[in-house]
């Protein structure tokens, strides 16, 4: 009880409190309070949590005897999660699945966010597992939120079954890691493993294989990705957006904590495992995305491929890799979220808004949203000077620096393939035929979602052109992870 | 207090644990009823618990026990949600067969 | 005064300013675009006039750290190689934008904005002194061209642009890896991490490093050039784009590949370049013959010019890997020439298309009677294109081939086949449309109009001026090209009297090489202290 | 002073071209005439002044180089935009501007009813400029530039009637073959740059003997490659086929470009490069042999031609063969002498033919002619002079020049003797086909059904006077060089021809050539008379003899077929083949294929995505297992 | 000696019941088998000196969670699935190979592990399994997971309510 230090856990406390409050306020009599209360409350909570995370930046405190870390790494990820959660809640203002259950929706998103923050700040294996499970369970529910839709329920159930298996694999891996070292606290595992290598102890090797697989599942890296397209497509699109960005970030937070942060010295041993996963993801994700007709499925496969790029940052096991990964996670989150925002708007406009074909001529009907989508696609494809480029540049750079240039080559070739589908969206948006919506509202951005979309688009550009501050922050976060 | 005692070595527990884990995996692969799938997942979680508790005794720490308890809570939460989904699905489709849940594919 | 930055940024701001032009404000849009283009041209003119011909390195450098922590910087400047590329870009885009303003297509604001963006991209590419910046512009310029062709092109445009972008990116993403590889490898040798081209010159990479890194760059350049057999994207794109865009694309963007070889590939990786030189030379030769034969048999006018472009760029590629000052200067001159000539050729084809029922060569003929002025201009363009002695192109090709001939006589001798074929296919183009009995369209429709003079008259004038005084262009390139090729000359064991300068690594290699990374011999005694 | 004049001479025709072509719309004919004729005529006057100035100087002091500006400097190579005024170029200038002006004058009437009056004179001006650049250039580079530009001018003028497909085809053929020649020259220039580092005449000729050496491969190569250019331009085997087709151009063009000036540029070039040729004995011999073969071949082909201009064209080919042969044998001044006289009499013949054609409303077939003597008196007389001159009947100019070549040949060793005999025989052939033409056009019966026009009309003064002037020159120009008497031309040219071997035909050789040549010519003329005049029906009766050979002659020894089969059609086939295979299948196909493969792979992955959650679990299990295997195999 | 007998019996039972769980096709029977398996595992926990965990296993796991299963089964009724072609038939080999591979890897792992005392007689542990020890540990080192479990339970509660609600699609939703 010596170092309880509740102060350091304020972001989590705020979000979980906000979650409970938002859920509760969603239960009041129907009316404006019920309609807007949850969103306002949760946004307030998110802002407060962000503020606290910023205040805690650099303090390097630990709460609860090291059970929760408030280092820069955790704070950085907190901010990423919170920003994405805020965007999601804003976009969900007209989410059909959230109608009449806004409180629960916001609450679950916030709880999932809390779970993610727990993962990022975890000081022991138990918290990591628990955080991942909390966010997963919350997402199972969110996926199935549109219970009247077959697809939504199906996605929830599929996610649950696959997720349970993935969770069990992860759990077993954590158990082996604990078994090999005798402790679940990260602070003790590290020293316990110092000087050994995976070659010496097969149990650690097994642990890392299982942990890698379990986390790869959460990060939707091939071959553990197969749930992702179905779930992304079936789930309400706002949830998908959140899943595709924040969950992935959480998985990579765990990756970084458990690999780069915990056993960087053993990178020569586990680097190849993650590299294999990265290659598989890049290949599978990009190829499968080529033939999709649904935007969400396409983005799902794209997220598989992006997971591959992100894995490069882990596989290097270096500070630079972590730095690149953290930066790219933010960039990836922003651009994917922006793409989803446009899809969400389109879905509300037309019945089949999820299909790529429905975007035909969208650029002429709604130039601003078309531009947002274009920026998102180009950035995902890695066109300079957008943030996606800077991220890939850093990731490839870290690979080259770690003598894994072949990984960068694979990434580069994958990016070429990815152009096939990213550009298709752009082509359809601008280059093809008649717009479905008359071009009356040239500059219209539709509601909060539109505002989110435009803001994110600005961020895509700004993070690219004015990348320096963000990169410095990522670097500081990575430093607190690897060389505290 | 590190005296040895008459007992079963950790390795055997791990072997049992591993066998249970694989059984769970096998169950997930061969069952079509989502309820049975959930049961198989419970097997896997239990196998992990055996390993955790076994390791805990091996290293003489409580961590494993704590972990196992947390796993139980998580399992409970998962089961609750899982069963909720199963019931909702049943209400919608009147059938419980994961092999027929193929609205989403490709 | 940051002249070069201004040259890059003015078109960019011009493009962005279109956002603030109200829809329907076409006059305003025209003013913005023209102003940007004219200002760019004026600044370029200043830089050309102010250029110090005695200096080989970069001049008018503007340096600003972009993302310091990962070594990115805004670093632009001009040297003798980029000077003329920038001038070419400024001139052609000024004309192009003027033409576009004169006859604004639908969605005119976007069109002008994209043209300006393309100009900014090209300017940045040619001015970049930093490898990453080079890459940034290399990629960025694809996007405006993608839209320009994709939105305003003909029926085949969508498939063509996607192929174009994907194909080009295939090379350039590998180049990105190579850029990273260069910087990190250089760091392991010198201890300094930089993407600045001038600081990466003269670094003693090992042979294997040099070859691999060179290849990484070379594929991107070869695709852009395009070097046979990497030209698969070109014919369809040239055939699909709106004619003005195709003209600009063929005139300026295809030079990016050659420029890359001269500015980056050869000077940074002399050993790799030397080892690959014969291969590239042979591919260039193959491209010359291949492009010529296909141009001869091409069914449509645009394809004919497109394939002729492959042949012409083959000459340039061949010259670049000869590592001969004269060849390089010829190549440089030829890059400018080809830019002017091919732009004019495409514009002429566009004029003919105006009267013709289709782009097919046999769809129209005998225009000379109704359109004598077009016939005259076309003749000049055709002659310049087939490099008749006395034309500007002949000046370029002569210099270039004499240079190549010094080192690879057979390569140069066989390359002259391209000159003969050029006569065949260019006359085919000229005669089938201009001569013979009139059919397929009224000559009057194809006669030169004021808007056509706007573009073609300056181009023809430029051809004549260069034909009369190529030294004006060649003279400015001497020192920069010497800098560019001399390391490769060293690598190729050329006689000492041919090597004019020696490039010292900057900074000198670290005293202690990293373990397991044997440091190649550094010719210390030959290196003059900077 | 003469530098400025020289630049003026060069600039005036260009000015004329520009002044005509830049005039908006169709200018008045008077203006066109004044500019088109006036400026070249002034050029001739200035050339004459230069000639006079040089004449006033010592022989060693007659070479001047005038640089306008440094055209390019790259590495060690520096090329100036410079003119060289020396006896050789002045001679050429005089002929080009002189004969040129006469022909332009002639054209003012000849082209009067053509629709593109202005264009014709503009293009003629351009030709004169190019030709002058060719002969006045002070280095090989601008020689090549002029070389290329005269090709362009020739192309334009051959294709003057551009709506006529045959003219278009002929112009293209001429151009492409000339480009082949250009490439030969360019390659020679490459070697010169590589070996000597310069292209200046002075420097090349000074350095070549020392740097390249006598009879070395390099020297031979340079000479051969230069000769490729000469062969293309001067219609020597095997690059001669364009010249007969070039008769599609207006007749004055044929006279000026394809008879008097441009086609003899090859001779000029060889003479100019005499130093290089003297370094290359084998190449020189090859040149001479090619010249002789061409001479013989063209003369025989001329036998069977029915088109008056084509006869003259083959005759030109043949006559240039004489000059090339002479140059190859080292008799440079003899070659130049024949060039000079040939310029006069061949221009005369073409212009005379032009009068006939003009009178018969553009009828060119000699089958549709005959008995024109009484209609076209001036033409008849002047053509007679021309024919006698080309047939080498004393005292007309051809007699002196041709016999000088033959005599020099006899003096030039064993090869020379053989070639001299060829020359003699060919002289006889020449006399025959020329008088065949002459008799069939002017004597004999009128064609069946009468002429194409009611009354062949006599030409006006603008056409008559130049013809008469040329006839006078063709008659007397031979006296410039009289064997064993005086040789002012040779002396004049001596400063330019520094390396000429000392050939001195003996008196016997001169006599043999003179008497033999004249006798053969007279016999041939008699034979022609016997065949075409004495009994006009005889040629029809004899039409069946030697049918096979005649067909070969009609096919012009099948050079065209050979080219078509050996180079053109394979090129087309190769192009089509490449388009179908490498382009569609490879360059375009492979990227497409890769893209298709990627999409197929994507479809495969899509199929694997069955929607069955158990599949996904299976993939995970398999994934873990594979990772485990990798861990065991790779990490261990 | 007692532990060995306990282990023998419990592990045998656990494996047997586990096998039944995945082979029995009727959900009710399978669930009952799971209870047996869980109880056997609880015995294993006892053998591992973890009485508290064992107790929780019996009370919470077997007693509460599995009962939930039984409720649901009762609610849904027993409906044997119609026999269909196994859509995974063509992947069956892959599955078996993967499972056998995993088993083999597990065996290799156990066989080659250098973990000290893996195959030795166990050392007697301290008092780590008692409620007191666990409580102290929970509130001392593991308060974060302890608190966080509440979140998991909140999610479960909220989620269950949400999923049970009949689909409401009012308020302008499509």
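First chain written, first letter: the chains are A, B, C, D and E, and each begins at residue 1.
Basically, a contact is a pair of C-beta atoms (placed from the backbone, for glycine too) under 8 Å apart; a residue touches a chain by one contact, two chains touch by 3 or more.
All figures in this text were calculated on a predicted structure; none of them were measured in a lab.
Counting only chains that touch, the fewest steps needed to get from subunit C to subunit D is 1. Any chain bridging subunit A and subunit E, meaning touching each of them, is among B, D; the list is complete.
Seen from the C-alpha centroid of subunit D, the farthest chain centroid is that of E.
By C-beta contact pairs, the most connected chain pair is B-E.
Chain C has the C-alpha centroid lying closest to the overall centroid of all protein C-alpha atoms shown. Mean C-alpha position of subunit D lies 100 Å from that of subunit E. Here the spacing of subunit A and subunit B, counted between their Cα centres, is 26 Å. The mean-CA centres of subunit B and subunit E are about 4 angstrom from one another, to the nearest whole unit. Between subunit C and subunit E, the centres computed from C-alpha atoms are 67 Å apart.
Shown for subunit C are the residues in touch with two or more other chains, namely 166. Within subunit D, residues 595, 606, 609-615, 617-618, 621-622, 624, 628 each touch two or more of the remaining chains. Contact with two or more other chains is made by residues 14, 24-25, 28-29, 32, 38, 54, 58, 61, 63, 66, 70, 74, 77, 81, 84-86, 88, 98-99, 101, 103-106 of subunit B.
Every pair of chains in contact is given here: A-B, A-C, A-D, A-E, B-D, B-E, C-D, D-E. Subunit E meets subunit D in the complex at residues 87-88, 91, 94-95, 97-99, 101-102, 105, 108.
Looking at the complex, you find that subunit D touches subunit C at residues 21, 69-77, 81, 119, 130, 141, 144-149, 151-152, 156, 159, 162-163, 165, 168, 171-172, 175-176, 179-180, 182-183, 186-187, 189-191, 193-194, 571-572, 574-576, 578-579, 582-583, 586-588, 590-592, 595. Residues 610, 612, 614-615, 618, 621-622, 624-625, 628-629, 632 of subunit D are the ones that touch subunit E when the two sit in their complex. Within the complex formed with subunit D, the subunit C residues making contact are 163, 166-167, 228-233, 235-236, 290, 293-294, 296-297, 324-326, 329-330, 366, 368-369, 372, 376, 379, 383, 386, 388-390, 394-395, 398-399, 401-403, 405-406, 409, 412-413, 416, 419-421, 423-424, 427, 431, 434-438, 468-471, 474-475, 478.
Contact residues on subunit D toward subunit A in their complex (touch as defined above): 595, 598-599, 601-603, 605-606, 608-609, 611, 613, 615-617, 619-620, 622-624, 626-628, 630-631, 634-636.
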